[in-house]
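Both complexes shown next keep chain A, but they swap its partner, so chain B is in the first and chain C is in the second.
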Partner chain A sequence: MSMRPPPEARSVFRDAPVSYPAHGICRCALLLCFFCSPPGCSCFSGDGPMQKKKKSAKSWRKALTPYVWLLPSFTLMTVMVLLPILTVFYRSFQKFSKAGKIKGFIGADNFSQVLHSAKFSLVLRNTLVWTVLVVLISTILGIIIGMVLNSEFKGRKIARAIVVFPWATSLIIQASVWKFIINTDHGALNALLMKLGLTKSAVNFTSSPEAWFAWEIWVGIFVTVPFVAFCVLSGLQSIDSGYYEAAAIDGGGFWQQTFYITLPLIRPSLTVSTVLNIIYVFNSFPIIWAMTKGDPASRTDTLVTYLYKLAFINGENGQAAAVSVISFLILCVVSAAYLAISSGGGDES
Partner chain B sequence: MKQGNKLKAVRKPGNRPAVRAALYLFVILMCVVILYPYFVMFTYGARNTADIMSGNVFPEKWIWANYAYVLFSNRSVVRYLLNSVFISFGATAIAIICGIPAAYALARMRFRGRKIFMAIVILSQMFSPVVLLVGIQRVLLTFGLNNSDLGLILIDAAFNQAFAIWLLQGTFRSISPEMEQAATIDGCSTIQSVTRVLLPMAAPGIVTTLIFVFINAWNEYTIAFVMISDDRLKPITVGINLFNGYNMIEWNYLFAASVFATVPVVILFICIEKNLVSGLTSGGVKS
Partner chain C sequence: MKKQFALALTLAAAFGCMTMQTQASEKTSVSVIAAQYGNNTAAWWADFEKDFEADNPDIDLVVEVVSWNDIYTKVNTLLQNDQAPDVLNIDTFADYYADDLLLPAKDYVSEETYAKYYEAFLGQSEIDGTVWAVPDLASVRTMFYNKDLLEEAGVEVPATWDELKEACKALKDFYGDEVYPWGIDMTTDEGQAAFAYYTWNNGGGFVDENGDWALNSDANVEAVEFEMSLYNEGYTNSDPANQTRYDLQDLFGQGKLAMMIGPNGIPTYLSDGGYEINYGIASIPSNTGDSIAMGVMDRFMCFDNGYSEEELAAVTTFFDYFFDDERYAAWVKMEDFLPATSTGAEAIAAMDESYANWIDILGTCQFYPTAKTEWIDVKQGSIDVEQQALLGEDVRTLLDALQEEVAG
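Entry: the complex of A and B
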């Protein structure tokens, strides 16, 4: 059995397909209309040539209108986002003096230096482990919490408000608090466990770099789950309860309803949250910086903390730019692959 | 209140006592785990150093003076808090002023190049500011904006454009264009129809977006950490390092200051929580 998602669950851009009538009156007008918005566009109404000339000036204005509306946003993003992107790409192919001055084009040298350094593969592996584990576990937990918050129980409003907390807290503060909680000597968790009688003596929660990294992943999950839960919740609330009533009449139990109705219908929400989370988690700096600064010897570094050290502590400008470009390419490939897989599966109807 | 008609598919978790008990157990456990770090922040902020080391779960003696200390002593964080307020307001204002027309164009008009614009929006999400640190620094230097709050404001606004446009576009789409069309027929210009008809109707969504951007700007750390070296300009997330020395961390003051940095935004976020849920659905940046 296949459940087709309701129309509103599908892409919002699919409404009213854009079709330009092929009148062939005037190539110019057609081209113009191609640039402008068809609704109310009157250049195909079959007016005389004189009127058309008058109207085409109007149409030009009309054609430009959307771009005028977009201009402030476009300018802001061009200057503050696009320009830095281009700068990073440019610098990744340049040689730098020790003082940070550009010394000229050196081709792919920066990239080969980065790729051949011993630390890079370790950092790359850490980044993948970090991103995959945080996003995967957050998504699973987020689905469960979203579904729980969508069911009826006393104190539901309070629970929803509490789930928001980690989302609203600065990552640097959240990470600092957790760093204190898991401290061996005077950490709050040891105090609590000993008071409850669960342990006799203080537990060393962070005996190895791997343990530190695991705690960093835990904090990452802790702050990521609310976003997933709320995306799931928003997806769940757009589901028509008729689906569940129909399923209940047909004798579908909880698990069947979950797998055949709920999960397919919240898929658009999940796709958005997963793609955004892949990007955010991959790029997350404060948690690792606050807890270990990537130490010891890059064992807990991810690409962004590594990049920060290269650029601002070691002064390796060219290599830092190369790492930026590599991170960007990885993100592009991963996000595109994820979108292709998830939308490819969703469009079979 | 209005939840009744809004939440169509609230699911009744069955009447079996075991299911209900499991549900409540899960919810309580979840809330305890989530609230634990806040409990730690709050209670350890009110201790003296010896008490922090003592291994007590609750403070032996509540030292509320710590909270006064971080505000009123010569190591006050008030200046950092005010900087955060200023930077967040600035970033929010710019993000909204640029975001509303863009979201309106995307929601109401059809035009060539919308895909390109959306690609830029998504691209701006793809590169976190951290990955672009080197590039951002160069650009700010070029414009003479390095180590200035204006530079930080513009960057925060730019990197929040995507979310602002997503949320605003969703709000505008959920409002039928008929009212604006009627206003246009009555002789309003497009701008009038937007400011007098659409924006008042979209007010809840706009407030949600405002608060959301405000919170993001308030909690931003990395850019401020790298770009702002002038102590007088630091926002609270960076300024809090005052208590995070090389040799020792003054946990009690760090946590007391953290409480002041956290509480306002958590309250703001709770206010928009319900609107955010509907905002996230109706948006949908993907094209």
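Entry: the complex of A and C
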């Protein structure tokens, strides 16, 4: 999981809040994905109807056992995921004072204020660009790297270890390191270019908001690729080599093998990695916060950094909750749609 | 079963003991949440707590030091759960006042201590004739310049905006890309400070003479346009929307930045960072011939937790103890701030002569209008205006929109 859910990153990161409304939400979206997933993967298909007819105490106990085992998880999910989500929904309909006190129900005012602000559409567009580009490009690169790592060559183990590095480092550190690398005044990249004699004076790599955003997307890709690569790798290793031998005998070349054997067979792994990535990238806070804080003028804000600013810098708790709810709904719809499309196609083939 | 019973008994006994202990002590407790100004703050408060309790055995003082990054979240969470601290040390108070959570300062500060504060400072916390918070310390912003860089390029220290432009041009012509002539910080962290430096020194500012919001005054439009022209003509650091004051202080220390506006703590920042540059201090360049320095002031406030007489007396004792001149001078000096009491200022000047100049400047400062409840919107709004102007938007349109949003 390359774009790890915010908790770990937050603990390292001073600026991040303790009660950060979006993180429970990403997990819930995940939960929802499981509920929306096609039939056939039910966890409770164990007890047959026969046992249930005997109503002795013993069989009752037997029937209850799985639920007792589930109770801790269920309690945890309720307290850590469900309650925070319900709280955020509740708060999105409340009026708040600047000091954070709830001042009563105000209907959909928070939502209408958010939707009518000029910033919101800009931030929504940024979020879309950010999520699509990071997930798409890292998926493509991840597939390529996964295939390379699956082929046999000397030093493959070392190569695999190197690929996992970006993923093993905390996001906040990654983002800070990249911010240092591209710094105009004392960045490593400028120093390198000047030492190699490629440039005479320092280059400003971040001369516009678009440039900053592109760098942030690059860092997002950089930390996401390893996860995709390893998902693909696990998928590749489960493919029977017989398929390739048969294809080779039938005269299928590399591209035909890739498109007709490899890609269809790693699709389950790709579905998992893509859904998780959509959720994590959409909700990713540390990269953007560490590099630009969404500045200048929200040009590099995504929904998550935007709602953080609303809550903790502008003192607009109600609007922040509204943005959080909107993000949650978007994620639910997108994840469910993606799962429906990808698993629907799977049934046909 | 027996084991469980035994465990329950032990727990009950332990709990009983605890409650008995708290009943037995019958101390009046005072809880304080204090902002963490620097590396020494927590240790200083720990010592303070120990000394205070030794001198006042019937008061249980509990101080929690919280970093600036977390303190607003922390306090807001406490307030939402109706667990307000007794005393809070933070920058702004108007939001808490608006929620009717504070006590007037005169209710909990003794007359003797109250008389020590600078009148002008108390005025910063006054709403409708009542003072709702007392100052804990202050700092001053003025211009710092690199003497060697200016001298080598044959540039005089600028005092007016025209001179500033000329100085920037001369520095740029002389050093090219090696040195940034002028530093500007318009970041989310502190962009409102830049807004103040330029508008105040052009006869404008956040409010008019009646104290009403006047964000789109002609003087402000001209000031922000001047600020942008410094960037657009290539005289400033490369990324003002992203480079914080600390980035600028580092560039200044490295000799890559010739002039910047910053707080009186910069000398300590430079020496702590191992920077060895030859710098001077001057007034912020002004367009009106009357340079205005910026003062920043933080506060103590007391939440209205329905105190008994003893409890309120304990809070009063806390403030008397804190503002004891010797102790207060040590507190202010510890993190390189300036005193908010006249007697404290005398005590510090006696300890360290270099403070005298700063204390003089403090007398001529202007402050952010933090007593107004819209301040938080104005603060973020002014930063947003600067960042949008930086991207080429029209300054007057932006300021008109901000004024409309805040006071319309």
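By our rule, the second predicted complex is superposed on the first by the 293 of 349 C-alpha atoms of A that agree within 3 Å, B and C clash if a C-alpha of one lies under 4 Å from a C-alpha of the other, contacts with A are read in each partner's own complex, and residues count from 1 in each chain.
By our rule, contacts are C-beta pairs under 8 Å (C-beta built on N, C-alpha and C of every residue); 3 or more make two chains touch, one makes a residue touch a chain.
Because the structure is a prediction, the values reported are computed rather than measured.
Novice: Once the shared chain is lined up, is A:P209 touching chain B (first), chain C (second), both, or neither of them?
Specialist: The second partner, chain C, only.
Novice: With the two complexes superposed on chain A, say which partner A:F312 touches: chain B (first), chain C (second), both, or neither.
Specialist: Both partners, chain B and chain C.
Novice: Based on the superposed arrangement, let me know which partner A:D295 touches: chain B (first), chain C (second), both, or neither?
Specialist: Only chain C; A:D295 stays clear of chain B.
Novice: According to the stated criteria, A:V177 is in contact with first (chain B), second (chain C), both, or neither; which is it?
Specialist: In the superposed model, A:V177 contacts chain B only, not chain C.
Novice: Between chain B and chain C, pick out the one touching the greater number of residues of chain A.
Specialist: If we count touched residues of chain A for both partners, the winner is B.
Novice: Quick check on the superposed pair: does A:I102 touch chain B, chain C, both, or neither? Answer first, second, both or neither.
Specialist: A:I102 sits against chain C, while chain B stays out of touch.
Novice: Which partner does A:S201 reach: the first (chain B), the second (chain C), both, or neither?
Specialist: The answer is second: A:S201 touches chain C but not chain B.
Novice: Does the superposition put A:E152 against chain B (first), chain C (second), both, or neither?
Specialist: first
Novice: Is A:D185 touching the first partner chain B, the second partner chain C, both, or neither of them?
Specialist: Once the two structures are laid over each other on A, A:D185 reaches both partners.
Novice: So chain A touches chain B in one structure and chain C in the other; where do those two contact lists coincide?
Specialist: Looking at chain A, the two contact sets intersect at 18, 185-186, 312, 317.
Novice: For chain B, which residues are in contact with chain A within the complex?
Specialist: Interface residues on chain B, with respect to chain A: 6-14, 20, 23-24, 26-27, 30-31, 34-38, 40-41, 44, 52-57, 94, 97-99, 101-102, 104-105, 109-114, 117, 120-121, 123-128, 130-136, 138-139, 154-155, 157-159, 161, 165, 173, 190, 215, 218-219, 221-222, 226, 237, 240, 244, 251, 254-255, 258, 261-262, 265-266, 268-270, 273, 276-281, 284-287.
Novice: Which residues, counting only chain A, touch chain B once they are in their complex?
Specialist: Touching chain B: residues 11-13, 18, 34-39, 63, 65-67, 69-88, 91, 145, 147-148, 150-153, 155, 158-174, 176-178, 180-181, 185-186, 188, 190-192, 194-195, 222, 230-231, 233-241, 243-244, 254, 268-269, 271-272, 275-276, 279-280, 282-286, 289, 303-304, 307-308, 311-312, 317, 320-321, 324, 327-328, 331-332, 335, 339 of chain A.
Novice: Looking at the complex, which residues from chain C come into contact with chain A?
Specialist: 67, 69-70, 72-73, 75-77, 79-80, 95-96, 98-99, 101, 177, 186-188, 238-239, 241-242, 251, 254, 256, 373, 376-377, 380, 384, 387-388, 390-391
Novice: Which part of chain A faces chain C closely enough to touch in the complex?
Specialist: Those in contact with chain C are residues 14-15, 17-19, 97-102, 184-186, 201-202, 204, 206-207, 209, 212, 292-299, 309, 312-315, 317.
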